[in-house]
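The two complexes that follow have subunit A in common; it is paired with subunit B in the first and with subunit C in the second.
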Partner chain A sequence: MMVQPRNLKYRVWTARIFMILFLCLIMFPFLMIISVSFRSGNFATGDLIPSNPSLEHWYLAFGIPWENADGSMTQPPFPVLLWLWNSIKVAFISTVLILLLSTTGAYAFARLRFRFKESMLTAMMILQMFPAVLALVAIYSLFDQIGSYVPWLGLDSLGSVTVAYLGGLALHIWLIKGYFETIDLSLEEAAAIDGATSWQAFRYVLLPLSTPILAVVFILAFITSIAEYPVASVLLQSMDNLTLAVGSRQYLNPQNYLWGDFAAAAVLSGLPISIIFLLCQRWIVGGLTSGGVKG
Partner chain B sequence: MAEVKLVNVSKSYDQGKTWTLKNINLNIAEGEFIAFIGPSGCGKSTLLRMVCGLEDITEGELSIAGELINDWPPNERRVGMVFQSYALYPHMSVAENMAFGLKLAKADKSLINSRVEEAARILQLEALLERKPKAMSGGQRQRVAIGRSIVQQPRVFLFDEPLSNLDVALRVQMRQEIARLHNRLETTSIYVTHDQVEAMTLADHIVVLSPLALDAESNLEQVGKPLELYHHPANLFVAGFIGSPKMNFFDGFIEETGNNETRVKLTTGEILTANVDSQSANKGDRVVLGIRPEDALAETDNGNAVEGKVETLERLGAESYIYMSHDTIRENFIVRVEDSRKREVNSKMKIELPIQLCHLFNAEGKAFHRTQAPAYDL
Partner chain C sequence: MEADQKAQSPMTWLVWGIIGLIDLILLYGVTLMYAQEEIAFALIILLIVCTGTWVFISNKGYNYRYVFPALLGVSIFIVFPLIYTVNVAFTNYSSSNLLPLERVKLLHLRKTYKTDGESYNFKVYQQDSDYRILFISNKEADKHLVSQPFNETTIPSPLKTDFSPDLPEGEELPFRDTIKLRQTLKKLAIELPDSSELSMTSLRKFGPMSKIYRDIGHDTLEDVRNGNQLKPNYETGFYIEVPEGQPDSAGKQTGPGFVVYNGWDNFVRVINDPGIQGPFLQIFTWTIVFAGLSVFFTLVVGLLMACLVQWEPLKGNGVYRLLLILPYAVPAFISILIFRGLFNQNFGEINMLLNLLFGVQPEWFSNEFLAKTMVVIVNTWLGYPYMMILAIGLLKSIPDDLYEASAIDGASPIQNFFSITLPMIIKPLTPLLIASFAFNFNNLVLIALLTDGAPNIIGASTPAGATDILVSYTFRIAFGQYGQDYGLASAIATFIFIMVGVIAWVNLKATKRVLE
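Our next item is the complex of A and B:
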């Protein structure tokens, strides 16, 4: 243990207090949402710990009718579980496709030589800087057209949203390319001499060593897809096809904010992200490539 | 096992504007151990990478076992390579590293196991088979890298400076292991190194390469057996490169040509005799006279001597190196003596150059044939 100056202790404590305060700041809205979801009635304000907790919003979120105190029944207003399922489907499929396309793309940019490589990389970066919102009208009419030939990719289909989400690929290509470039080329050369084709060297040497960045990209792409609102809100229309992010908007009518139901649905939408993160976390480890080459 | 043949092999990275390697012609016989040696930047590693297919061949022909393989990808050439950086697959155990190639070739499980076990036995890796590379020392990793190429039973072994990342003691040990391995397997081997001791001790033949001069025809300087290069360097470059410390070179002019004795006048006026055949030259031609530090004799004068000034002295116990200055010397003037007596710095000293041990090179750097060079077993 290194010898530390005495005033370091105070600095450590100051840092801790600052971080705890910062954490409270971040956690407060989240705790508020959880609190609202357990509060009876639809009120945004109130104590953090509800005075008369009730599960009514959670019943409704899971699609079960709720019997009020006066005996009347409240029917679930929206198919929340279906929306959640839609979100997961779209996010999962688009993320898997993004991962497939961006790893192979990144491999090409990191390892192969071809014309206009640098300009393509720069172009991808610059195009990525324009938010998808700017292209909403174009995206809408594009899928409108596609839909007349391929119905399952047309407007108001989950397929269209999935395909639209693949547009966020460039960032991931850059990320993975950067990681590939840290892996010593001689490993793949050794594989080639061992008799591996380029594909085998990629599949059996480069990819296994890249799992940390693949896990990161998977999580990032998944979160982006789950939370995406503008594109989905333009492409999806019918109640049964909405994703949870778009569906949640339905609770906030101008005259009638269904705060409680909204909160329950919002907490629910955080669930898949948390699960994916926990699953992927074990792949995010350092030191995978150590020992391979003399540094 | 196979012979390797290079015909006018050349390499350029910019479509022929500048060349890294030019007109390399080599015949490597079956079972031979050959070393590529040269200073950094001479293209020796590039040449090796061209043999295994990691670099393409700009011009010329490369054949292994009589087959022209210029355009074969590395995975079809059936050669084994040991990298300077080891290049082990960090996510695989030692056994998996060695079995990787055979698994790709869909070899029989029992065959893979027996080959891996045999390689492990030869290289004393049996106890380490389940380890990951990061849990091993440099020497062990290099042994795994060698094992990985053994199990494939390649037609040619390629070594790219395999020992330069190891410490000195380990390097000596691994050098002997590689020599033993070659005696046992008798596979054609090409060994790239910048360490002449490795080349001299391991190789049957040494190929000396130099950084390509702008107008040079080729950067292949000389091919020969180790002692042949030492006793009969073909030119100034090889003479200066083989041997440590470097050969001493004096600038002078031919005073008298001859078929056995050539008299050379240094620009200082000193006249020296060398046992070389200089009938192809004329009186007054510019020449360079060379003498190895271990061949020059300090503090004696049998008539064939120069006078220099002592600059520094390195006394190592069994031997000492006297660093001298002389008006006609190129680069260094070092004399090795087998004692550790103290010599006064700045004192004048006579150095005898034994007639039969002198080398002589013409203005282009080409060596005149030595007529009285000591006999040696090839």
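Our next item is the complex of A and C:
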């Protein structure tokens, strides 16, 4: 039986008030940005609830020209939806590739025997601590040279960014391997006795049992790719090729400060990603903690 | 026998076919690269082709089939760039020395000058997608020359011409369209029947042109007009123009430069050049302070929130948890940019609030201390949910009876925390804290998007700012607006590799301790 301190009620209230104050602080940027997106103009300051709400920034974020009160038209400053689409394309393709490569790799590391297995695993673990940020010069130069043979993989192409994101592979191999090891070996052994090859055991026994971790890795890799900034900022140049992460920065250029337009674009593009994350958070959190504790 | 049977199944034939096809394509690539003298690349791809083919065909390599693609990915996209970066650190690769010597030589050899001789007016005739040029002599108006046909994709070099009494077939192109075609026309090298050459000299004329330089061996070029020599200097990576009959020291450096290995020069610059060494040390210290503070504050806030959320009497903790995770759910680049706007000196909502409440408007981006404070605040906001998530998982694993026992002893929550909670979770938490330190050590996105290093360090010879961390410093040296110095950037990146390597090694030790 839990022993109840006498002043429990007082403590609960203190904790609750503290929590609510803290949440207000944490939520402030989000509430503010939503409010700013409904303000008119890019420099107007105002209260949390705008006094004369306007959809101006939202029209522009969706790529629709906005008619001002004096009859003049404001053109959308940046192709936000195109950027979002670019981001989704790049993230989707690279995620599928990462999933293919890391699942088969993890299977070998979890189930098969071969030479140098342990050292390869340790190497992967160390290598995943070297982010692509550290080798940007090399990545830039590499894709510059590849581009002279294969133009769609050269600089300023979405193909190059997609391929460059495959470097995020090492971490996911560890995650999936950890999950495979929790699955009972006896099922695959039974399949092997029935004459299944190791590929069949992997494809028809292990993979169907691993859908949860595959979903987690898919979401994690997808969100990581969408939010990736350094590599994309180095490889992409022309306005129509930018991903959202690189493009969004253009809004807050000191020479052309578009705070209101940025707010609408940020809410528009951030909302779907955040919702996906929150919907899947149970699994992501599980994956993060188990993967994290195991290494 | 068994191998034979396997080889006959249609599936195996399909696999062999696919491998053969991929190999053919890659080998074609290797030949192309070899032809362009990219021998290192050609060798690497050849190696990949060989091992790949062996792994997918031989039965011995069967188990490697599953790892090969992943290993290939890791080697190409992580290991190779790391090695390449270290390699670049020993060169003078930069925006002024961008191309290899061969390419720079070709650039010089392509330069032409106008020589004496007859120039021609011209007209372009179009027939379907093919063009012909009609050259009209200035001296003898009835002397016509007509070129071979060419189009934008296939241009014979040299383009031959012949005397012709008739006009070329097809339509004469209006002058406006001729101008549109000028990029193609500029590339043409016209050969006259007497084998002298013509190039486009103006929008309306072709005139006799000659190459300025000729190759006289040992990568040295000679100016055919005055006998001056262009000699490559393999130490500075520039051609020097030496007037005829004078010593090399009298030469003048001419651009563009080419890439050469310059040994430890970049590293020496970091140590000796006061405009780099000063900022480098300052930035290095700040990087460690920043990463340390980030880990500390995210841990404190995350742990506190985890304890509160896990505390049973506090009802509604599902909702609290969801709201507390929100900063982690929103993509970092969006939240960082939101903060950049909110902290803005003049239009930012934070300064508006502070002005309203306390009558102050701090200069978040131009005061060094305030800028650093802001960076840490924003990073704590971004990072505490991750710590909280990890801590919740670890707190669940602490048995309840420990707390019950301490409650009987009348311990306060703070005593509980320091004598039960913390000792129980610190061991499994250590590797995660080290990983978090490593992550923040290289947190380029935060710095690049929030402050971009501002405020600037005065007296730095490359762009450097007070809030810059090592990676963002490297990033600005390599890809900044004012001259890109890839060599120097790579030297600093090499230094970061060593740091990260040490951190990774410590982390490995700590993880092993947890598993034991």
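In the analysis below, the second predicted complex is superposed on the first by the 241 of 295 C-alpha atoms of A that agree within 3 Å, B and C clash if a C-alpha of one lies under 4 Å from a C-alpha of the other, contacts with A are read in each partner's own complex, and residues count from 1 in each chain.
Methods note: a residue touches a chain if its C-beta (ideal position, glycine included) is under 8 Å from a C-beta of that chain, and two chains touch if they have at least 3 such contacts.
Small disclaimer: the values here were computed from a predicted structure and weren't measured.
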Exercise. Answer with first, second, both or neither: which of subunit B and subunit C does A:Met32 touch in the superposed model?
Key: second
Open item on the list: According to the stated criteria, A:Ser269 is in contact with first (subunit B), second (subunit C), both, or neither; which is it?
Closed with: second
Once chain A of both complexes is superposed, is A:Phe22 in touch with subunit B (first), subunit C (second), both, or neither? second
Partner touching more residues of subunit A, subunit B vs subunit C, is chain C
Next item on the list: Check whether A:Pro208 is in contact with subunit B, with subunit C, with both or with neither, and answer first, second, both or neither.
Entry: first
Touching partner for A:Ala69 - first (subunit B), second (subunit C), both, neither: neither
Note: overlapping subunit A surface for subunit B and subunit C spans 288-289, 292-293
In their shared complex, subunit B is touched by residues of subunit A numbered 184, 186-187, 189-197, 200, 204-205, 208-209, 287-294
The answer for subunit B against subunit A in the complex is residues 52-54, 73-77, 79-81, 83-91, 100-101, 104-105, 132-136, 138, 141, 148-149, 152, 165
Per the touch rule above, subunit C residues touching subunit A in the complex are 29, 32-33, 38, 41, 62-64, 66-67, 69-71, 73-74, 76-82, 84-85, 88, 93, 305, 308, 311, 313-314, 320, 322-335, 337-342, 344, 347, 349, 352, 381, 386, 389-390, 393, 404, 407-408, 413, 428, 431-432, 435, 438, 442, 444-445, 448-449, 471, 474-475, 478-479, 486, 489-490, 493, 496-497, 500-501, 503-505, 507-508, 511, 514
In the complex, subunit A touches subunit C at residues 1-3, 5, 8, 11-12, 15-16, 18-19, 22-23, 26-27, 29-30, 32-33, 36, 43, 45, 100-102, 104-105, 107-109, 112-114, 120, 122, 124-142, 145, 149, 163-164, 166-167, 169-170, 173, 198, 202, 223, 226-227, 229-230, 233-234, 244-245, 248-249, 251-252, 257, 259, 262-263, 266, 269-270, 273-274, 277-278, 281, 285, 288-289, 292-293, 295
